[in-house]
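Right, one structure below, let's go through it.
We call the chains A, B, C, D, E and F, going by the order they appear; numbering starts again at 1 in every chain.
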Amino acid sequence: MRILTINPNTNISFNKALEKTAEKYALSTTTVKVISPDSGPQSIEGSYDEALSVTATVKTFLEHQTDYDGFIIACYSDHLSTYAIREITEKPVIGIAKASVMVACTLGDRFSIVTTNDRWKPLLREAVEKYGVRSRCASVRTTGMSVAALKEESEEVVREKIEREALAAIEKDGAEVICLGCAGMTGFDKELEKKTGVPVLDGFVCALKLIELYHQYGITHSKRRRYSAPLGKKLKGFSEIFLSAYKK
Amino acid sequence: MRILTINPNTNISFNKALEKTAEKYALSTTTVKVISPDSGPQSIEGSYDEALSVTATVKTFLEHQTDYDGFIIACYSDHLSTYAIREITEKPVIGIAKASVMVACTLGDRFSIVTTNDRWKPLLREAVEKYGVRSRCASVRTTGMSVAALKEESEEVVREKIEREALAAIEKDGAEVICLGCAGMTGFDKELEKKTGVPVLDGFVCALKLIELYHQYGITHSKRRRYSAPLGKKLKGFSEIFLSAYKK
Amino acid sequence: MRILTINPNTNISFNKALEKTAEKYALSTTTVKVISPDSGPQSIEGSYDEALSVTATVKTFLEHQTDYDGFIIACYSDHLSTYAIREITEKPVIGIAKASVMVACTLGDRFSIVTTNDRWKPLLREAVEKYGVRSRCASVRTTGMSVAALKEESEEVVREKIEREALAAIEKDGAEVICLGCAGMTGFDKELEKKTGVPVLDGFVCALKLIELYHQYGITHSKRRRYSAPLGKKLKGFSEIFLSAYKK
Amino acid sequence: MRILTINPNTNISFNKALEKTAEKYALSTTTVKVISPDSGPQSIEGSYDEALSVTATVKTFLEHQTDYDGFIIACYSDHLSTYAIREITEKPVIGIAKASVMVACTLGDRFSIVTTNDRWKPLLREAVEKYGVRSRCASVRTTGMSVAALKEESEEVVREKIEREALAAIEKDGAEVICLGCAGMTGFDKELEKKTGVPVLDGFVCALKLIELYHQYGITHSKRRRYSAPLGKKLKGFSEIFLSAYKK
Amino acid sequence: MRILTINPNTNISFNKALEKTAEKYALSTTTVKVISPDSGPQSIEGSYDEALSVTATVKTFLEHQTDYDGFIIACYSDHLSTYAIREITEKPVIGIAKASVMVACTLGDRFSIVTTNDRWKPLLREAVEKYGVRSRCASVRTTGMSVAALKEESEEVVREKIEREALAAIEKDGAEVICLGCAGMTGFDKELEKKTGVPVLDGFVCALKLIELYHQYGITHSKRRRYSAPLGKKLKGFSEIFLSAYKK
Amino acid sequence: MRILTINPNTNISFNKALEKTAEKYALSTTTVKVISPDSGPQSIEGSYDEALSVTATVKTFLEHQTDYDGFIIACYSDHLSTYAIREITEKPVIGIAKASVMVACTLGDRFSIVTTNDRWKPLLREAVEKYGVRSRCASVRTTGMSVAALKEESEEVVREKIEREALAAIEKDGAEVICLGCAGMTGFDKELEKKTGVPVLDGFVCALKLIELYHQYGITHSKRRRYSAPLGKKLKGFSEIFLSAYKK
């Protein structure tokens, strides 16, 4: 199958790392492409960033949808584009936060998310609650580093900070599984797994394997109610491609 | 005080009705302006519509923010623009769904929302859960009419359908308060109140009076964590006005 | 409008402070009177105190109800008199705890309550749960001071203790909004707001502004089920005024 | 042991029925006395009735406490006097609603409460939530009869209405246990048990047996925090007996 | 009445202690026998141990059921045998964990469980959630000692460790009642009660007194749905006694 | 990879159907074997049946574990053997109920389970609650047919009954995804999907694909706390193979 991964921010330096991860874990029959919209913020660290990345992410989907069988939104948030795209396609779509959280729930009693800055505490608590598994979330812990810092700091420093928070989540908060709460942490999972002794999940891998799972089983998200096709209507100031997504 | 109401869809026919409602309930010292973005869908009936209305709504805010003291997002959904705007301003901002739901919780044991089509059932359950008051929501009931139909059908038919669902919510689901779940239902509250014998809330009035409440008390949303200013970053393909909202 | 505030304890020294607060925040068209019953405990610090203050609070309401348009029960607890009075009037009534908690939920992700002694921890958790917003309460923190001490200690000491707990609620418990958990803390909000950098709510102001909101919108609590008028019945040992409140 | 049951209303005709029930189920070493305050409403059907019965119920306790080893508040509500009395005594005290609900939780998956009029639906949902077992309550069903009607209607009619609701709770709501939601229904349990095929609980019997359980095990409610002794304070307009309950 | 207590592990040294406790608290008309299956693990410290003890526990019940009027499963877990046995008998059956937790809920705001090793944290959280009272559980605390160590260490050391955790539960976690989370801790309750100042519950005593309560009231678990008799079916490799339990 | 599926009942006629399903959906590099224990009940329809199938299921695992890389417990219940086996292996293990429920949560707002007889209503509600996703379960619906009837009735009748309940779950209860609540319903998914228009999940396929997902990602359940290896101990009356599973 052909999977398109849309990284909703415009920092394409992460995309290479995601493709490298995909090569490692995708089935031999799966091809995975990672792209970013050509406009939008360089990282997504809250609702303003999200707001500025939604339209371009949806547009990226619309432009490429016919060439792919499944889609991943590679932002560790409850990104609105995931919902919007599910309404306008019958092909499977998933975000990396939800993917990692739902897989985590199958592996242990409770999970914690380790991510970047403090705003993600309320944001990811909200997300986890929306996914219906709040009682299984032991904590959201943050390193205090911005997404940018993940690339600017030496990788060693970044990994140490993540490890410290992961261990605290396990020892103090009761986590039995760790979710890496940022697409930029791709590739950190296996080493951290060795250091902490618990499963460590890269949300991108979880999303990739779930999309493959859907494809092989021949299932996709329900088109009843929540993700039914949008009702046709007038649309001002948008190109034809956006209009075409409305149900006739 | 000066309140700007942004109706995130491009159907300006509703805006007049909202201004009429505002005239009735605003303090004499309050002026209320209702405007729509110049691009976007004609109604918002799901996540795709929401996605296409977010940037323009935020832009409308950015262009007018200096002239107003408080802001209302007049869409009965958990519209992402509310959160984005809260991050980039210290002036009070609220959406009409949250406003009506929180006021409803102070007036009776449980409330129901009566709205248009079926997709709103999961969407508003999600919203109510996010606002933390799911156990106080007796039901979300729908008339089956699209937002467009609210204007196309005779008002008598529309009111009858709303009344039927409101009465069912009260008798069968245990609601003691009714929230009108669409900005387009503004002005229907008082007649329905007489027919049902319970408080009926127009979310726009609730939002307007809460913004006045915040202003008079000198409070606004917390700028700690959830609504802290967005971290500065590169932004591709957006005009200067969007970039200026980032914290230096 | 004319608002009657009933402070259910007999310590009238707080009433002056409340009236001073009211002068600061009430609309110019609003008059606010604060009175206490002529019998009962000097402070309300638990269920026994509450039990001894209920009848006198209801009686105070009955004696003055015709002269006022709305009522505040100025005790930071889930005081039974609020519910009893809502059953026997169609005019709006609210308690200061519920008012502050519901306003807090509109301003940030989660709130904490800072109050006096340890019994309030379970008591206010119970209250917050009853208001349906338990998941939005980060913590109930206590200074360890009795209500009496609020007046006996130097105000500086009191303010310092409150500030310490408020900061701990913000940093350790994740609160983004602070509710002052005692009517006796009226007037402490704005200074604490400056010191903590988050909204600090005086429940009395919240109640006052909500009553004004109800009045201006022409709404009141639902008279269906929960607050329907009490069924008529024999009443032994109570004066005529209590009997008159029963539905014929 | 000696148990005092306080029926907080002034309808002493129920007290005989309760004593008859007590004779049937109490241990031979237990004596059970049922009394009512000499003032207050003839039945308790909401918060106003409750407010007018609290002080007299506490007074009844204070006057008789030394002669008894345990106390039952025989009103199927979350009566404030139970909490007030727990603060001022180290002897066990329980209300009949909580007793029946907690025993019900040990006997089946979910329970329903069958009671009198519609106000009890929100009131008992609130109570069940406060007892922490809301997810185990299948429904609160009402016969529509006032408490008075329980005595005025022929017993046959009353029993039939209760049976109809109990069966509906079992078949439609999924209840596996029925709680009789009114002290006035004492004695109806065993016949209804035969007709429905599920356990039917008389809250008074549950309370009586729990008080005996506490006594035999030598336990009572915790005096830490929630039920710690009330702090000493001035008390206006109350007799010495009320003042004596304060901790020195 | 005659109560059979089945200790599902094969360490009969605990059974004497349980019988001693029973002598102290059972009614004079009650006889209590404590036995263990003749096969299975020496202690139950997780799901594997539980799995190996279930069949033998059920068999022990089947062999002795006619001689007894009520049954206790003396393992502080949510032992599957309790559910299996409830399906095949109409006589009352209860486990000691559920008994202590439900009694604890009637005595204070929240309870904590103090038990042996760390696996019990998720296991007992799961159990408490299944009993429907998760919001009333302040914490599950562990001493780090295996069940074996309870007998091997000097009793003084064991008691000290339990006391330390109990005090932390009260001071830090907000517990007002302590449940001893292991059958092997029988007899430790009263001394710990003196040291902590809060009720301390031995689950075995709670179970014993609840079984007596059921017996005296003439009630048992509901035979509707959850505990209805198992449907008859073929059974390979089990003796006749197991087959006889199926409904014809 | 090599997957062993253990059907915990002794009705091997289902095993063929499961292998046929596996052939359809497993990767070409995966082999799936389905076996049953040689003792135990012919179907599992409650806790008594479960109790009689646990030891033999664990034994089957122990005898075959070295030949396989992952394990499925093919009983649509929260079967104790899944937990027991997770403690004694580091290879991935999952039950079909949890697998289908967690996949369902990724595909729509809420799911319903359609299963056989009424006891499964409380049993599966319990399970769903334990998996942490109770708020996402719209309903558990039952056809009223025993597991045996699934084979005895004409397949047409069975499918019709399932379809009727699935449609009711979608229309009345708000389900957007259907889980087939019995291993014996394998193969019914795709036809029902066509008839209902929503995703229909065969728990066995979900489990199979999740095990493959774990294997390809190189993850397994957490061995910290909940599934840590059982502490070594004496074990009476069990063969050496059971003893060998204890940690040294």
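Following the convention adopted for this analysis, a residue touches a chain if its C-beta (ideal position, glycine included) is under 8 Å from a C-beta of that chain, and two chains touch if they have at least 3 such contacts.
As the structure is a computational prediction, the values presented were derived from the model and not from experiment.
Counted as hops between touching chains, the shortest connection from subunit A to subunit E is 1.
Using the mean of the Cα atoms as each chain's centre, the chain most removed from subunit D is A. One copy, subunit B, sits rotated relative to the other, subunit F; on C-alpha atoms the angle is 120 degrees to the nearest 5.
In a homomeric contact, the two copies may use the same or different surfaces; for subunit A and subunit F, over half of the interface residue numbers are shared, pointing to the same surface. Centre to centre, using the average C-alpha position, subunit B and subunit D are separated by 44 Å. Taking the mean of the C-alpha atoms as each chain's centre, subunit C and subunit D sit 28 Å apart.
Per-chain Cα centroids separate subunit C from subunit F by 52 Å. Shown for subunit E are the residues in touch with two or more other chains, namely 109, 121-122, 126, 129, 135, 174, 176, 225-226. Every pair of chains meeting the touch criterion is listed here: A-B, A-C, A-E, A-F, B-C, B-D, B-F, C-D, C-E, D-E, D-F, E-F. Listed in rising order, the residues of subunit A touching subunit F in the complex are 25, 27, 94, 98-99, 102-103, 105-109, 131-133, 135-136, 170, 174, 176-177, 190, 197-199, 201, 205-206, 209-210, 212-213, 216-227. Those residues of subunit B lying in contact with subunit D across their complex are 109-110, 135, 174, 176. Across the complex, subunit A is touched by residues 121-122, 125-126, 129, 134 of subunit E. Residues of subunit E touching subunit F in their complex: 10, 38-43, 45-52, 54-56, 58, 80-81, 83-84, 86-88, 117-119, 121-123, 126, 129-130, 146, 148, 225-226, 228, 230-231, 233-238, 242, 245-246.
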